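Chain naming follows the written order as A, B, C and D, and within any one chain the residues start at number 1.
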């Protein structure tokens, strides 16, 4: 049987399905930001950005940017009705104080303990952490969107992270290009996998044991242009 | 996203026996009188919620608001900085009779503990109270040659606050000095209910003028002409 | 020779002379509040109140009070141009963070170490502390206004406070009904005393040694109706 | 009470060699470009102030603002969370050559440390960074079964910030998301200088809309049409 891995937009689509109506959400810079595009009809999440905006919307048309109105990735944004501004300490009070419902981040590695490594590959170059270490603490659910394996085919879901940690035991769900995996009691619990992919194949691309105590569903997503 | 609630009675219907309840205001300024009285109505009708721990700067005045809650017998413990007022009988009588507990906290430490509860900071050091009986039993530490007391965050099951304008997202503004503890308590409670003088459409409050962003608020109820505690006390009113 | 002790208004007047133009000042509830009335001509202090107002002015005429606009003593106030509102945590950030220039408080006892007792006489009754324990820390100068002795003639300036402490080593100056006393290196240093009062008489009403390493001036104040 | 200052050059004239300097802004938003460039002018003319420790979320972009300070050789150390940008050469080159120090702080911890500096809180506990290399060597403690890292306050000799409206008392408002670190840095510095787009008479800013009360500000200088860093970078400008 053949199978196809999800594109990044499809991973983002799948992650968006897990966000409830009215949820307060922070999306990491880059790939995770795509999740905002795929809110299911009838649901409206409120997006938070670390630099002090709640309730922002899409990017403005090119040429209409106001560079005092940006997100944490320093991209120009717009406001939705009900938005608010606040300073950085209040912004991270929202994060650290458990007021966000969901944070979705990228990953270099996720361990079966829920440890996340996503800020630094090694000890070379200029280190930069931003708000990642804060975001993994406080949000009621912290999820990851990621390719299932690296470009070199190495597993990104591992027994123990070898890259420097972002946070300890902080991730509860991983949306990958091949599967949806929960982290429960220090174990990877497989919830969904792409149609046609066998357990054996998936396990061979995963660096720690995938458990299947409950029902297992097909990870099906629409075609997204 | 619609956080509006139809009535004060409905707004306070979920508060459970034994809750830690933060109540905004400093004296009468910013005190959510109508929510407090709705809670008393519910207690009189159903016997619940009782056994409450109430966090407020003061401990009630006269025979209305928090004082009326104490009179009604709903309050097991007060956490406050200044349990005195122009007419402190409700608390004083019960306290001297040993029928109510008191945790006395310096005012700035009370504010900072509530803010810490809302900001995910489990403990912090402050110079306030060092060497006094209010720091007895607390860890102390020295930083840069000065001495400090370790204080813990303060959180609540529910906060009831009074604001001026509110919208369906829960964004709030306050009137004059009635801001006081209200924005902090909004942050520190698992559930926050705000009574507002007017509910406006989302977007009507300038995003730069929002004082409490909606993420900190769960329910908003309009009380169009809120009573002012100080005026009620001067008029000799009792909520009995 | 005869001497006369200062009235409370005269003590307040004397304390007001020590406040610079443009100073940020917090006055304790009650007697210390009177200091605001006697700002020297040409100087304007900015008054802070714990419940979240900076730049307030006199009480409004009776009947024109707005009870959302009060001070820490729960008295109605008015605003001056340049006033601002803020919440309680920001208000005490101003206090604890060293942003006030002067705080002036009442006292039950002041020790030569600079310890202050002003919130509780004993262990009876309902204890109430308010913002006093915060105010004694952070303001650049913390001064006391007080009668020199109690109604029973007991000294209020003492070697060691016997009442519960408000703060340790926090007071730098005391304005009494008889004298102006600085606290330096754990000693009372006498700066001014009322005319006609001998050192011996003043010392006999003081519970710890008064030192006079420098010049000593007459404590002269105008008649205040 | 008149805190207005005539020019950016005068506003930065008192900053000493070796100072800890907080600079507001997040990227270009809220960055006090004209004050930074006045400081560079002074350094080029007099060789002072050098040996600076600069606190900012980032470490400059392109060849303007903080990046130009780094290029000019005024900065000994950066304290920041994200020393990367669309054009990070200024910092990267010096860092890889070992010519500039870096204290890397998680963004929320950076904000909270600055707030703590302004609020007189010498240390606090946070979950952020626990178990990571950024917490190495820091005290840890357990509260209610969870693990936390102790972090210290961060203070500065001088803060330079960008605001929107200001008055002679030092009251400030901010434009959109340019608020970011600016209000915190105003609190945490011994001396705070704000550049504002417009100075208005005291009383013109509604007391409820003041974001930074004047007590936190020592000097206000009007820069009527401030440059926006992001636009300068897109235009390829260099301050050299």
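Operating definition for what follows: contacts are C-beta pairs under 8 Å (C-beta built on N, C-alpha and C of every residue); 3 or more make two chains touch, one makes a residue touch a chain.
What you see is a predicted model; the values in this text were computed from it and never measured.
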{"item": "Centre distance in Å when chain C and chain D are each reduced to the mean of their C-alpha atoms", "value": "36"}
{"item": "Geometric centre distance via CA averages, chain C-chain B, whole Å", "value": "30"}
{"item": "Per-residue multi-chain contacts in chain A, two or more chains", "value": "53, 85-86, 89, 92, 95-96, 137-138"}
{"item": "Sites on chain B at which at least two other chains make contact", "value": "112, 115, 119-121, 126-127, 174-176, 208, 211"}
{"item": "Touch-based graph of the chains, sorted into line, ring, star, complete or other", "value": "other"}
{"item": "Touching chain combinations (by label order)", "value": "A-B, A-D, B-C, B-D, C-D"}
{"item": "Contact set on chain C toward chain D in their complex", "value": "21-22, 24, 44, 46, 48, 53-55, 79, 81-86, 89-90, 92-100, 137-138"}
{"item": "Contact set on chain D toward chain B in their complex", "value": "112, 116, 119-127, 141, 143-144, 146, 148, 152, 173-176, 207-209, 211"}
{"item": "For the chain D and chain A complex, residues of the former touching the latter", "value": "26-30, 57, 81-86, 88, 91-92, 95-96, 102, 104-112, 114-115, 126-134, 147, 174-184, 211, 228-231"}
{"item": "Footprint of chain C on chain D - complex, ascending", "value": "1, 115, 117-121, 167-169, 171, 187, 201-203, 207-208, 210, 213-216"}
{"item": "Touching residues on chain C, where the partner in the complex is chain B", "value": "49-53, 66-70, 74, 85-89, 91-92, 95-96, 115, 125-134, 137-138, 164-168"}
